[in-house]
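Across the two complexes that follow, subunit A remains constant while its partner is subunit B and subsequently subunit C.
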Partner chain A sequence: MRDFKLVYNYELKQQLAKKSVIITTIVLVLLALIGTSIPRISALFSGGEPTPPAADTTLTEKAGYVFSDTALQQQYTGILNLQQENLYTSRDELLAGLKDGALKVGFVLNADGSYETLYQDKGVDDRQDTTLGQLIAQQQKEKMLAARGLTTQELAAIEAYEPAATLTVLGKNTENNILLSMVLMVAVYMLVLIYGNITSTIIAREKDSKAMELLITSTKPTPLILGKVAASGVSGVVQFGAIILAALAGFFISQEYYDPMIRHMLMGSLSTGYVLTYIYFSVTGYILYLFLYAALGSTVSRVEDVGSATAIVQFIFIAGYVASTFVINSPNGGVAVAASLIPFTSIMVMPIRAGLVTVPAWQLV
Partner chain B sequence: MQLEVRNITKSFGDKEVLHGVSFTVESGRAMGFLGRNGAGKSTTIRCLMDVFKQDSGGFYLDGKPLQVKKYRVGYLPEERGMYSKHHVLDQLVYFARLRGASKEDALRSANYWVDYFELGDFKKKKMETLSKGNQQKIQIAQSFLNEPDILILDEPFSGLDPVNAQVFKNAISQFVAQGKLVIFSSHQMGYVEEVCDDVTLIHEGSIRLTGDLQQIKREMGENKLQLRIEGLEDEDLARALQAQFPALQTQHHEDGLILDTQNQVSQQQILAFVSGQGWTIRSFGLYTPSLNDIFLAKVGEHA
Partner chain C sequence: MLAAVTLFAWLSIKIYRWGSLNYGNKTSLRKIFKEALRSEKKAVA
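Take a look at the complex of A and B:
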């Protein structure tokens, strides 16, 4: 135990003291903090208060109108707040205005609700034709409703009717939990791949630098390998934990600026049971993979051979990742259940299943 | 203490590289372990240090099987291995603590040996920033940590300049004087001859020679004389002497012709013959072989 602590403390200190680790961690922490604070930052730039949508000037700015009759012209002049420069007498006049650049868009409106839109050049963002179409449709609907003795508000009230509904979910609401499960799955995926590779590189470097011979003649191999893997694992958790904490801090600081649906989906399944399941399977799986990476790292004598040596374990892990995507679609399907019981894939699959459905206790043990 | 290496065999694949290696080392006497490249020195040392297991045979300390991790053993591997990116003092303290020292003792021992090799300014430097020679001194310093009872050094002189080699020899002499058990391998016969009381010579995985160096020199120099005549080539001298004394065997040497009298020709007879020829003697005396002569005689004839 003494030697394990010695190896662990020394390796952890050396790893966390590396400039590359410190700089990378600081950069990633800042990125996580800034990334999750973007809704608040955007609000700062917009004065902190939700701004009313800007008045739509696309139908009046450099827009010309020709109406089939005076009554129609009066009706739309009020609705669209048209000025004298928006009013033209003929379609040809509109075409001339478009050609010489005085107009960007021209409209010919008829009393029956039909209309024509004229562009010199139509850009991707030029949607004046559909915007006016919606406005005309609204006007026409109001006319039809008035003919039937109804107002728009009365129609809206009818359309707003919803039956009184009560939702009772005995297990888990997949809809709520899916986003958080995906986020956590990606977090574990990155943690294992990044720190697994770092672990195998550390082990291979001992042989490459010939330090291994000194080490194994100074202490027993068991505390040596356990100490190194533990230090590498904890170093990964510390670095990754700092990033996650920064992301959470950013989220909680800015949560009122998030879309309520996203907020609900991220926080919806944060039950104690789910967190414990996630931690248990992630930690044990992480340890399993670190030892696999360490074992494979010990089979090579040069750091540059680590990639080829660890290909097999990466393949297995990525297979687990792919299996976890099946889980989202069918959390209680055969593939999902089998993958959540196999140690190599359960790290990814079981936390997601636990987030989406109620997993029988015997499968969790 | 007496360390006995008993009948060690070791194979890699189908090739047996150690064929029943046996010798003994006494504490208070430095033992030079000599051999050509690939003779089996490092393999024997690695078996001794439990880096890998021998196929048969064993290592015994005072008659009991040696468990190397239960003793304070200072080890300098042939392939130097310390952390290039770590600070010098940090890793020395780490290695000392792994070998059982308390934090305070480890720090004291590491500081002592770094200062001994006049590398105090480099304690907080990364290993990779030191020159090759200074890195070698740090490597040696790590093997001296914790006042080891047994010192096993594989090619310790490699990379040391004469001044540092002298500093190292002084340290070895101190360990020997303190009754420590010291083994080191080397190709540099001059250094070994200066420091070692005993030598063991291994060739192609078999021990060719082992024992007290002075005794070996005496035995190999027995009945041998060394003669050089002014103005006469050694070949001509050898022909003249063998014509006069057929039992006499001669051997060329850089310091003069070596005459093996086979205990049949006396010094007086040779001197009388030389005087009778009217030759002027440049040097004449008993021949004591150097370690290099012994090495060449024992290994060269099997090469």
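Take a look at the complex of A and C:
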């Protein structure tokens, strides 16, 4: 036990006291805090007041119109606020205007609601044809409604009808939990890959520098590997914990500026059962992978070989990540259940499954 | 899950014990497990 404490304290100090680790953690903590406070920051700059939309001039600026009759001309002159320079007497005049650059777009409107749009060159953003089409459709609908003794407001009221619905979910609502489950899954993914590689590199470096030979003569292998794995595990949790706490702090500070749906997706699914399941599987899975990384790191003689030695572990872990993406579509499918029971993949799959569906208790042990 | 962690922790200690003294030899996963799981008596002999 004394040897374990000695190794643990030394390794933890080595990992957390490094200047690079401290600076990186501070930078990431600040980024997480600022990133989750963006809605509040943007509200401060905009002053909280929405800017009024600019008047739409796409149908009047450098636009020419030819109407089939005077009644139609009077109707659309009022609606679009057309000026004398917008009015043309024939299609040929419009074509001439387009060719000499006086016009950007030309319209020929007929009494039956049909219309022609003329462009010299049509850009990607030039949507005057569809805009006018929508306006004509609206006018025609109003005419048809008036013929039946109805107004647009009455039609809107009819279309706005929605039945009074009550939603009762006895288990878990998948819609609300997907976002949180995905965010936490990515956090575990990064934690295992980063700290797994750090652990195996530390051990391989000791072997490369022959420091391991000295350690082995004075300390048994068991406290050595346990101390190193524990130190790596704790430093990883401390670093990631600080980043997640900063992100949560930013979210709580600015939560009233977040979209209610995002707020519900993040907070609505944080039940005690889910948090405990997530912590249990993430921590045990993380320790499991750290042991594997540490063991494989000791089998190579040079630091450069660590990547090839630990490739198999990375492959298994990434397979778990891929399996977790299948789980989102089918959380109770055969692949999902099998992957959540296998220790190597359950670290990624079980927290997602537990977030999406009610998992039987025996599968959680 | 806890049983799996305990099992792989024990296996990792065995691999670490063997791996820490293994210099210069080419290793494969099969060899690692075979050598690590040999009893200490056999390893000494």
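Note that in this section the second predicted complex is superposed on the first by the 326 of 365 C-alpha atoms of A that agree within 3 Å, B and C clash if a C-alpha of one lies under 4 Å from a C-alpha of the other, contacts with A are read in each partner's own complex, and residues count from 1 in each chain.
Methods note: a residue touches a chain if its C-beta (ideal position, glycine included) is under 8 Å from a C-beta of that chain, and two chains touch if they have at least 3 such contacts.
These numbers come from a predicted model, not from an experiment.
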Classify the contacts of A:F291 with the two partner chains as first (subunit B alone), second (subunit C alone), both, or neither. second
Is A:G97 contacted by the first partner subunit B, the second partner subunit C, both or neither? neither
Which partner does A:P331 contact after superposing on A: first (subunit B), second (subunit C), both, neither? neither
Looking at the overlay, does A:G106 come into contact with subunit B only (first), subunit C only (second), both, or neither? neither
In the superposed arrangement, which partner chain does A:S301 touch: subunit B (first), subunit C (second), both, or neither? second
Dominant toucher of subunit A (residue count), subunit B or subunit C: C
Between subunit B (first) and subunit C (second), which does A:I216 come into contact with in this model arrangement: first, second, both, or neither? both
Let me test your reading of the model: by the given contact rule, A:Q14 touches which partner, first (subunit B), second (subunit C), both or neither? first
Contact-wise, after the overlay, does A:L6 reach subunit B, subunit C, both or neither (first, second, both, neither)? first
Under the stated touch criterion, which partner chain does A:G233 make contact with: subunit B (first), subunit C (second), both, or neither? neither
Interface residues of subunit A shared by subunit B and subunit C, listed 212, 216
The answer for subunit A against subunit C in the complex is residues 203, 207, 212, 216, 221-222, 224-226, 229, 280-281, 284-285, 287-288, 291-292, 294-296, 298-301, 309, 312, 343, 346, 365
Within their complex, state which residues of subunit A touch subunit B. 3, 6-7, 10, 14, 209-220
Within the complex, subunit A is touched by subunit B residues 46, 49-51, 68-69, 73, 75, 77, 79-84, 86, 90, 94-95, 97-99, 142
Subunit C - residues contacting subunit A, complex: 1-2, 4-5, 8-9, 11-13, 15-17, 19-24, 27, 29, 32
